[in-house]
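Sharing a structure, written as structure tokens. Questions coming.
Note that the chains take the letters A, B, C and D in the order they are written out, and that residue 1 is the start of every chain.
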Amino acid sequence: MTTTDAIGVAAATPSDTGHEAVRSPLREFWRKFRRNRTAMAAGICLLALTLAAAAAPWIAPYDPAGFDYDRILEGPSADHWAGTDAYGRDIFSRILWGARISLSVGLLSVLLGGVAGVALGLVAGFRGGWVDSLIMRICDVLLAFPGILLAIGIVAILGPGIENVIYAVAIFSVPVFARLVRGSTLSLKRAVYVDAARAIGVRDRLLMVRHILPGTLPSVIVYVSMRIGTSILTAASLSFIGLGAQPPSPEWGAMLADGRSYIGVASHVTFYPGLAIFLTVLAFNLLGDGLRDALDPKLR
Amino acid sequence: MSGAVAAKAVDTTRAPLPVPLLSVEGLSVAFDGEHGPVRVVDDISFTVAPGETVAIVGESGSGKSVTSLSLMRLVDYAGGRIVGGSIRFKGRDGRERDLASPPAEALTDMRGNDIAMVFQEPMTSLNPVFTIGDQIAEAVMLHQGLDRKAARAEALRMLEKVRIPEPARLLDRHPHQLSGGMRQRVMIAMALSCRPSLLIADEPTTALDVTIQAQILRLIRLLQDEMGMGVIFITHDMGVVAEVADRVVVMWRGRKVEEGTVERIFQAPQHPYTKALLSAVPKLGALRGQDLPMRFPLLVVDGAKDGAKNDAAPPAPPPVQDTVRAADAPLLEVRDLTTRFDVRKGIFGSLKARVHAVEKVSFAVRPGETLALVGESGCGKSTTGRTIMGLQSATSGSIRFDGVDTATLDSNGQAKLKEKIQYIFQDPFASLNPRMTVGFSVAEPMLVHDYVPTAKPGLSRRRAVEERVAELLTQVGLKPEHARRYPHEFSGGQRQRICIARALACDPKLIIADEAVAALDVSIQAQIVNLLMELQAKRGLSYLFISHDMAVVERVSHRVAVMYLGQIVELGPRRAVFENPQHPYTRRLMAAVPIADPSRRTRDLRLLTGEIASPIRNIGDEPAVQPLVPVGDGHFVARHAVGGDF
Amino acid sequence: GPAFAAKNLVVGIPDNITTLDPADINDTLSQSASRTMMQGLFGFDKEMKLVPLLAESFTVNDAATEYTYRLRKGVTFHDGTPFNAQAVKTNFDRLSNPANRLKRQSLLAMLAETVVVDDHTITLKLSQPFGALNNNLAHPGAMIHSPKALETYGKEIGRHPVGTGPYKFVSWEADTLKVEKNANYWKPGLPKVDSVTLRSVPENGSRIAMLQTNEAQFIYPLPPEMVKMVEANQALEIINAPSIIARYVAMNTMKKPFSDPRVRQALNYAIDKNAYAKVVYRGFAGPLDSPIPSKLGFHVAQPDQYTYDLAKAKALLAEAGYPNGFEAEMIGRNSTNFIRGMQFVQQQLAQIGVKLTVTPLESGVEAARVWSVEKPEDATVQMQYSGWSASTGDADWGLRPLLWGKGFPPKFFNVAYYKNDTVDTAIETGIGTADNAKRAEAYRIAQEQIWKDAPWIFLGVENLLAGKSKKLTGFHYVADGGLQMEEADLQ
Amino acid sequence: MLNYLVGRVAGILPVLLVISVFVFGFVHLLPGDPARLIAGPDATQRDVELVRQDLGLDQPLWVQYGRFIGNAVQGEFGLSMKSKRPVSQEIGERFLPTLYLTIVAMVWATMAGLLIGVASATKRGRWQDHAGMLVAVSGIAFPSFWLGLLMIDLFSVKLGWLPTSGYGTWQHFVMPSLTLGLGVAAVMARFTRSAFIEIAREDYVRTARAKGVPSRLVVWKHTLRNALIPIITMVGLQFGFLLGGSIVVETVFSWPGLGRLLVDSVNYRDYTVIQAEILLFSLEFIIINLLVDVLYAYANPEIRYS
């Protein structure tokens, strides 16, 4: 398999003869992705958000934990662009800071769960038989297992901590990805080109990764891009049971939940974190569509 | 369409009717390429009158299929665009309209009804999730206004007409359970059941053996006479053209280079390409009296640039192919190979019957030898190939390669084996991963087997592989820059050549070529066949050459095996089988080969009817397998009732 | 016509009712629900004052070991069974018998014997002196079932309550309890409404919407931040009254740094109680000016309040050897309100350099941290943000479970591991007598001492907040969070 | 296929048994003592002990497991620790409301999701696509409690059309099913779109067009059937999730569903109810996924015949 890598990596450097006979799928993908303007814009937005989150200590106008009991629950104003919360903290600054936690938890947990789930689903669908049954029954239990219980178990075993939230949320995602990928694998593995690949001697593992996996990716990407939003919210609900970011951490989901009681009285407390989540999810979805399209050979 | 048998003698000199059915003028079609739009059809004009058959012939990749797709505006859905010209069509209602201008969606009511089409690639053109019956019945219901039950009955009738065995059972089967030729016939049945006024048939008989091909051609002719249907017939088989066409349009590199009545084209071709084409037509019997295969006379078609005159010097006589190392142990030895499929019904269906696709087949391929496997469509040729490749598990029997029983190999050994045996699938499009550039597909065997191409020194491995891919593509008549395209951006013949290039990548010892040159125009076909034979001469390659094209088989094979209903009924040296066929099926096969001469066309319009022998048998009803008995030197025949009267 | 229209009262409640067997209830909500149908010998009025209900009068011996009650005559249970001394005996024997494993067994754990004197007189003999027995009997846990129903339904009694109260049981589905008027109620002219429906609507916003649409005429609790929404509606009004729910942070007084009283006092000085009320309760909270809320019996407001004084707090900390503060963990439940309170305390203490890690815990996890401690030394809880509602309305229950030296977990809820001999003696004295003067003195001493020792950060007493339709009258929301609907009427 | 099915169905019981061990172990390992939680913080240690005995928690674990499984085999699950009612009643009372709500929500959401997804896919890159996907993303990113409260404010408080909450008449279904279904519709829309774009350019779709099949049928018959696999997967998963009850929707609309029961029982470590609920959910998922696998075979004959 080293040879494949050699090609894949090497192909990323421009060829000297002007034509590259063997352009790796990866490179081809990037060429097409670059041309999708919406997706690029979404990607740039997310990059900007990431940078803003990283630079939060320098660019946030206020201390995210700095309270001011004389200005609680104030609506948006020139001083506080997104208003203040129940402690008079600046919501805008908190959103900036919160992006650090929420983005990393959202993204990492989904990626982790996605990778594990995709691998399991591929193997289950491809191998079939008892391997399939075993993996899928485990997934059934994981699906049926209530999230809170699992999370409580994780706190009990691993203790609190942001990494553990990532694991917890990742575990929730695993069975979904697994089922999704397994379903597509079941039908893809019967494609004639898979037979053709087998006939040129491609071993099973590579067959799965190179010939079947790409076919399942459209669904996977769609799900990843949606799941990120859900994960941000799930992570927040976990902080409620003592797992993960604890007060006064400005986690988006927690901010949203905290503001729940002020709906109708001081709606901006939920609105802005909600907006942040919405825009992030939107960006991820647009990005996902771009990725999907770039993977689609029939779209130039 | 009532009487199944219609015997009619028809006036062979049909004058074109004054009012054309279809009139294409200046049609140009473009696709978006890497560097902007690429015109693949450029300024094409021709007309089709009711009842007329216009054949479009031309080089592979010259734009025949794209032209035909444009006529129905289906090219719009494939990412193409009509960039110029008009397509005037006179509908059933007598109204004439330009199909090139309205949005593609607006033409729905016209498709099928007025114009129907048989697609070039039957494998991918049938919907995998619906039964054959449903797919044909849908067309019937749409266009003949029948209810479900009547439509099914009609579908059954159509299937009978295209000579599919046990059509009633077939109605409930799905496309993936059919052989290539069966699918093609289903496509034809579907298109014909629309009863269009214009039929576009894009290589409708590539996957059919000559006997069935003849039947299909008659069927089309019959409908044409009955309903005044115009036909556009795209084919590379000049024999078929001579048989069916009234007029011929010759295309070359996206343009029309010549047009004329079939007699004129055949007798007095003008354009160098047309001349080259006609001179390259393989003729059955060309090697009569020859023991060994022989390459095609080499043609210099490429020299015919843009109409420049080129009457090249007569080519040197091709060398004979004396490559068989008869003394060596057989490379591939198949013994009593049997492969059966279960037939079930419905989602939960219980076992109903079995397809005896391959029954006790035994043969050997020696190093440097080409064994041709011929036989009726659906007789189990592809299944034999797939089983040898391990893509289909055998019911029983043994396969030895290089003396090793492949069943004893672990998965690692299996994978290693694939470096030495390559399989060219009957269905090139489906066998290419749609998500990979063809360059990567061609390179893949090399990557997988760590194959280091011998290349100029100083090249990195990656560059060496790239060079090799470029070289392979060039060898099969494609351009190196095609490597960056995806399979769907190629023509049928081009895809076939990509698959050939892939099979050649690792210098295998044996290539199983399943209808590998079926979709190629004769000039390219000759090149490719010569290439294969050259490689055989150089490297001692062996081929298991599955084909129905008897003229090609004659050229390439040392020995021939004739299959019928899953069994080998005749096996022997090519010359013996061709010149002295023993089995009735073999004889029928030889007799049905069309001849590329319009003056010798047979206007015999009798449709075959009656029971067709089928490989589907009820559980427990095992077919009798007769041993092959020698009738000559290395010439064997099975003497049993299967497939004809002894 | 409208004059004859049935008066159906709907009450929006926050949780599901757990059971309707009062002897087995430990949540205020289910108690309120069963109180619509059942009664005990005593009860509380809306001011949390003890009032006789099924008892008319009582006598007690000096040692507070023998109580004799005269029971009300002419009362029948909903199923027609007459109420009498035998019924009381059946109920009390059931409750006090540990074999029945009832959650409220402790209310009558000291009961040695019940003696039916005559049909309407009963004597309770105690195994040890107990001065607050009447309060215990006023607790909903001591309400009286129909003995016939007890016999008929056995363990299922919690789904088939039959009492003597103003309303009769109709139905109870997943989250809706329906009761109807008891036409034979012994209080003349009551009840006035034809039916009462208790519907559990956990979402605050939805409960308010119910009130706004008149789907409900009374909802509680009303989160402080939503008061404005109710106030904005002309047809509605809010109920805002002090409760008996104390909010505090317990500090583990056995471990550093909280073993030093100066540290604990410093923390008390470091908190702005007004800001607490404002931020956490939007102003709907009062001060906790003694270890027990003012609505509890024997409450004494402490003269020396811990008024917000950062300088003093810092000085005390420095004195105790923590000039730069210290780090500690504070746990608490994971409800929005608790988290808000904890964050507030965290922010306040940060001002004097005390860095708190706030860990909201799921109820079970918190319980495990608090209760699974066998020896005080093993306690891992440094600070717990908590609250207490002494449902008996008596100082005893406001102090004994929380601050008695013999009440460390898992025995009782003394998470502060606070032990002071003066306090212990006072608490034991208070419970050992029925003499109110003696009891008052004992609890005064206890409160004073505890206040000085500050085992808690005394945060405040939250207000009871509820929303009601202006048409609803006679409906009482009592300081312990219970509802009294006997006199309810809809105009 | 039939054999396969029979095997799968027969396999359910052993699988459930394994799950039961796992669940039992897991639940008992969770921190938190049901006796204390159920008795409440103001219970004395003695009270707690009484409760513990009452719940049988003082017995060895294997005895408890034996009782649990003994009950389970009879379809009983013992008494709820908290309410002392039979668990089967506790769950039964909430199962139907959950099921009905799930069905209503799934039906509309799947249909809406398909419609939006197909519209987006066929009008790919045009405004219909963007609008559809914006709706879909809102469905995912919009917190459902927020949506629920907004709807209550609009439809109940402002317009007076619908009851705020509760369970009973068809009116009660409107808002909860809308809230619950929005996320599902969004997921379906996204998946449908993606799957359709994938299939729309296949050769056999072209064949359908060439036959003159009307666009509507090209989309809803020829394309949909081939795009079904990911869609079925998602429908199955969503259906399973919803059958577990939705805490948010049940809370906002005070719907007597399984979600809140679970939360309550977890809060009190009501082992019997938790165990029964998880077993029920597992069974639901096993059955649903079995159906999904059957539907795969329906959708793709190649899967069927292998």
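Going forward, a residue touches a chain if its C-beta (ideal position, glycine included) is under 8 Å from a C-beta of that chain, and two chains touch if they have at least 3 such contacts.
Computed from a predicted structure; not experimentally measured.
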(message) Comparing the two chain pairs, does A-D have more C-beta contacts than B-D, or is it the other way round?
(response) A-D
(request) Go ahead and note the Å separation of the Cα centroids belonging to chain B and chain D. (result) 51
(message) Rounded to a whole Å, what is the gap between the Cα centroids of chain A and chain D?
(response) 22
(message) Between chain A and chain C, what distance separates the C-alpha centroids? Give it in angstrom.
(response) 46
(message) Need the CA-centroid distance for the pair chain A / chain B, whole Å please.
(response) 47
(message) For chain A, give me the residues that contact two or more of the other chains.
(response) 148, 152, 156, 190, 260, 263-264, 298
(message) Can you list every residue of chain C that touches 2 or more other chains, as numbers and ranges?
(response) 205, 362, 364-365
(message) I need the residues of chain B touching at least two other chains; which ones are they?
(response) 79, 176, 488
(request) Mind listing each pair of touching chains for me? (result) A-B, A-C, A-D, B-D, C-D
(request) Please name which positions on chain D make contact with chain C in the complex. (result) 30-33, 36-48, 50-51, 53-54, 82-85, 93-94, 97, 145, 148-149, 152-153, 156-157, 160, 163-167, 251-254, 256, 260, 264, 266-269
(request) Quick one: which bits of chain A touch chain B in the complex? Just the residue numbers, please. (result) 3-4, 6-7, 10-11, 15, 19-25, 28, 190-193, 195-204, 206, 211, 214-215, 295, 297-298, 300
(message) Can you tell me which positions in chain C touch chain A when the two form their complex?
(response) 204-205, 223, 225-226, 228-229, 272, 275, 278-279, 334, 336, 339-340, 342-344, 346-347, 357-362, 364-365
(request) Please name which positions on chain A make contact with chain C in the complex. (result) 65, 67, 69, 72, 86-87, 148, 152, 155-156, 160, 239-242, 246-248, 257-258, 260-266
(message) If we count contacts the way the header does, which residues on chain D are in touch with chain B in the complex?
(response) 1-2, 5, 200-215, 222, 225-226, 294, 297-302, 304-305
